[in-house]
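Listed below are the structures to be examined.
Across the two complexes that follow, chain A remains constant while its partner is chain B and subsequently chain C.
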Partner chain A sequence: MSSSDVRRGARPSVMPKRSSSGWSLLGSEISVLFRRRRTCAMLAAVALIPILLAVAVRLSSEALAPGEGPPFLDRVTQNGLFVGFTAMVVAIPLFLPLTIGVVAGDTIAGEAGLGTLRYLLVAPAGRVRLLLVKYAGAALFCLVATLTLTVSGAIIGAVLFPVGPVTLLSGDTISVSESLARSLLVASYVTVSLLGLSMIGLFISTLTDVPVGAMAATIVVSVVAQILDVIPQLSWLHPWLFSHYWLGFADLLRQPLDLGSFGQNAILQLCYLAIFGALAYSRFVTKDILS
Partner chain B sequence: MTSVTPELTPPAQSLAIESRSLTKRFGRQTAVNGIDLTVPRGSVFGFLGPNGSGKTTTIRMLLALSQATSGTITVLGQSMPAGLHEVLPRVGALVEGPAFYPFLSGAANLRRLDTADRHAPGQTRRARVHLALERVGLTHAADKKVQAYSLGMKQRLGIANALLLPRELLILDEPTNGLDPQGTREVRSLVRSLAAEGTTVFVSSHLLAEVEQMCTHAAVMSAGSIVAQGTLAALRAVGEARIRVRTPDTAGALRVLTHLGLEPTRAPLDDPDPNVVVAPLVGDSWLPEAIVTALVAGGVRIRGFAIEDPSLEERFVALTGEGFDVVQ
Partner chain C sequence: MSRKSLKWLPAVVVPAVVVAAVIAVPLAAGAAVDLPDKTAEQVLLLVNDSTVSTFSGTVAQSTDLGLPSLDLGAGMSGAMPKGTSDSGAGMSSADAVSTAIELLSGSHEFRVYVGGESQSRVQIKDRMAERDVVHNGSDVWLYDSSTNAATHLSIPADLLATAQSKAAELDSKLPADLSTPAQVAERFLENLDPSTTVSVGTDTRVAGRSVYQLVLTPKTTDTLVASVSIAVDSETGLPLQVTVEAQGQNAPALMVGFTAIDFAAPNADLFDFVPPATAAVTEQALPTRPDGADSATDSHPGDHSPAAVDSPVVTGTGWSSIVEVPATAVPAELGDNPMLEQLTETVAGGRALTTSLLTVFLAADGRVFAGAVPLAQLQAAAE
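This part shows the complex of A and B:
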């Protein structure tokens, strides 16, 4: 039973102090996101990409001619450290955007679909705080997904193929430890590349109460951007597409290290963050929650 | 000569909820049409109305989930939605049915929703969740996933969520939906005990009997407008008491009662017992025992005699022009 210390008619009641647990919603969001079976399944699928790739290369007897298949694939047999890079090239155009679409599209629409959005807001979570927490969760997923792919690639590469100093695109050779550092750099490049799409997904998610719709729309946006990116007549538009630098991490595999495309990519993604963040904000703070 | 109109509404600080000309339109359709809600602090306020009369839309506006088209709302002395960050931590709510993450356990769901409130201390979270679950009788199912819960259990979990912190105001939208009779009784006694602690409880329902049994005040919504509002006693006083005589000699009873100056009628056709005569008891003209004496003297065999208090049901059906689900 409740304690008898509830002061009858004590009003205005003492406002409880804002506890320092303002971060606990973020913790809760992350734990709900990553303990969800769907998230685990997607990460497992991401981890499978380099494994499938490495096993296929290992089992085939024919040596690939240089330039055949995805970039770096011909180098995998000589050095297992290339498995991660190759898998990243394979996963960026479709598979990673797909998982981001699922996570980012689900952010607000998923809560609305379950009906939990109204309870979060009545708690009150605060609409801006909820948006920030949801975006932080999606961004963390981008990082975890790319790291999963990188780590899985490094492990399977080391198991199935010889590992040694890596010959870079520029012809220079770097040590194994430096190549692992480059792998992490590539993972962070790809994470940054996906931040713009995540924000687009968050915005789309505020538009609907049907999570599947938001997920599909986000994935469609990513596909359309990539199609536009290969139409030469639209070359003026290409530098403004969020997907334009997605495959640009080859620059990170040169000596000396060229961070130019990293910077350009980051600035472009920041623009998308600002624009779609503002759209999501203006849409969500005035939205009638009718779910 | 100017007449002074008596101050009908209590001063604002003694009100838990107050709305003025609150209106909500969806396109051309008006869901809530200029309502003036007055919910005194400490009351158990029944918000009645048929399905689709605008109750939930009103509650959404009170909780700042949706914006009013026009009009003002004051909750716990602060204007909404401007003061929502100060007001909502003091309000527990169940809105349009419970909603939870099906893949989390009941306790995990409550912890998740508790983290959303920045005023909820994290150190006591587990203890408070445990206490809330205990209060609604869900301790045994605390670690079960919500997808395995029955509708009644979800409803209890929804109420537990509203009780995670001591609240000044509880807004419960159809709290007994999906509960069995035992669960309904438990919710009623829970509401009474909360009210006894000083919490104002605002309960919406389409079940009249429920409101009659637990509320001190009520408002009746019909098609987006409030058609009656006040204490339950005042709402009831508009109706009149009546006598109900069960007898095989219905003709004799009708004759005797008419002779006494009453206006008796046979029981309505849908009454399960055809041998019943009812008559409104106008004012204090006749004492019940005098009526019984007259009936017996007139040779009417009485098998049952009762005085029925004015029924809110008839009044509300008259007000709303629609039937209520009075059967539980």
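This part shows the complex of A and C:
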């Protein structure tokens, strides 16, 4: 109840002007999304992943043998900048999709569940704009979540461990500033990787008025895709799964820089955007909005 | 009602367009290529005249040898990191066998950089890891990112010089009728003729370049090899792909080829390998005898003295030839390798490793037979 009041309170000036400007709707959507306690809690949890990793490694007296544990974990003690990479590998299969599922699943179904959806749709042609705004909010969350992970990893790594030139997978060494640039590149790669799942979440969210159902379904879709990705009998399907290139950011840590998988991943995610965007559009514009 | 169904149109059209594009784009890339016709000899000449000395590219390799449980082996090596047992101790021969089997199974992607005759770099792309081999002049570096271990080999200059002078000596000893590449190609085809049909297959595309396909088909039916085709770049004459087909199998047994290639010289920095400060570096002496390669680092030396090694015997000719390695020349560790035990099965007279392309027969008396022939022939040869 109280949260729905807060939501209405957050948009008072927007409602009358919405037909003239979609930007103010976008602004209010973003401010509502990022001021929500749930979003802040998820971002804090994302930031905690590298912190937990780094603290655990720092407190442990036992040195890891090379190749033991998650990738790069054995390098962390020598160079704090590896914390962010390890955290990304750890977070991408489950935790990041989980947060995306919560945000994207909530987009339409959340408004419908609270009964605020019909107020948002007073204006004609408002539905397409609302979908776009909701998707933009979810996509922005992907970017903010991965950047949070990267930045908190870099900070905790620099605080707890020595920082120096970074050794790439190829054995070549790059400077600290170049490694920070590569970290940002990895963050953008992961952001792009999650865009397809966000659109799937948006589509599922248009199917139901129960936000929890949409969130759970989105998370289930991401888990199922990753399970399919390890079944060898389905190898023909693997390149078409939206999760197939999720760990492909290793290519950004090779020398010379290999942007091939970045491009392939982007094209794949675009295909998912197109398909599920069209499905979400058709479903949403034909939907009977009762609440 | 009709307005409503119209709004469902995008949900049908967009997925259909995406699926059509997904199907059509690879089809367009593999569209028929029509190059000027060439005979097998002309294609061989094209390869011989190739002047490509620098390039960089991506190579994909896939194998379908019908081997069981190789993924299991790969998973095992992942679960038990090599670093715990022998970090920095260099490659033991058991390790080398495992690596060879691992590389021959499944599919891998490589990046290859060649900057002239004495500079090259190969990167094996693993999941979240990479293995590098860097050759620059007299230095060879091996680096494995999963264990963060580097191995350095230096090739003595005099060895290079002897190799070069020997090659020159061989050149001068060649019969006079082999002085031109055309004659070499002719002689090569003549030598192949009794055992192999050489033809030029349909032109196609590899790594976005039009290629001639040189197809070698064994004349005998005693071999497991159905055909070997070599894709030769129509412009530069560089072989871009090798495909080996096995008898009675639809998928190629072995396929190695470029998926992308660029003939510009790679950045010279790539070949100046400096091992990371944190890496465990092993200096490995160059083996003095070809068969004693591992004795310097081996944990159990003296299993066999190199002097006592008998050289392998080849019986049969052409595609159906069989290599016999005498028991004294077989490293004792071979029998202990757990991976090998998994791969082989017990057959009459010993153990056998059967793949769609190659059969290895480990006779009970220690001799090893190998060949691209069915197992029965190896067993017959062992008797």
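Note that the second predicted complex is superposed on the first by the 267 of 291 C-alpha atoms of A that agree within 3 Å, B and C clash if a C-alpha of one lies under 4 Å from a C-alpha of the other, contacts with A are read in each partner's own complex, and residues count from 1 in each chain.
Criterion: contacts are C-beta pairs under 8 Å (C-beta built on N, C-alpha and C of every residue); 3 or more make two chains touch, one makes a residue touch a chain.
These numbers were taken from a predicted model, which means no experiment stands behind them.
In the superposition on chain A, contact is made by A:286 with both chain B and chain C.
With both structures placed on the common chain, the touch criterion links A:254 to chain C but leaves chain B unconnected. Judged by the document's definition of touching, chain A residues 286 lie at the interface with chain B and also at the interface with chain C. Across the complex, chain A is touched by residues 13, 41-42, 60, 63-67, 76-77, 84-86, 88-91, 93, 95-104, 111-122, 131, 135, 161, 165-166, 168, 193, 197-199 of chain B. If you check the complex, the residues on chain A that touch chain C are 65-68, 71, 74-75, 78-79, 89, 167, 169-173, 232, 240, 247, 250-251, 254-256, 258, 260, 271, 274-275, 277-279, 281-283, 285-286.
For chain C in complex with chain A, the touching residues are 4, 7-11, 13-15, 17-18, 22, 58, 71, 81-84, 87, 111, 123, 125, 127-130, 132, 141, 143, 145-150, 260, 267, 270, 273-280. Contact residues of chain A toward chain B in the complex are 1-2, 4, 6-13, 15-19, 21-22, 24-25, 27-28, 32, 36-37, 114-116, 118-126, 129-130, 286, 288-290.
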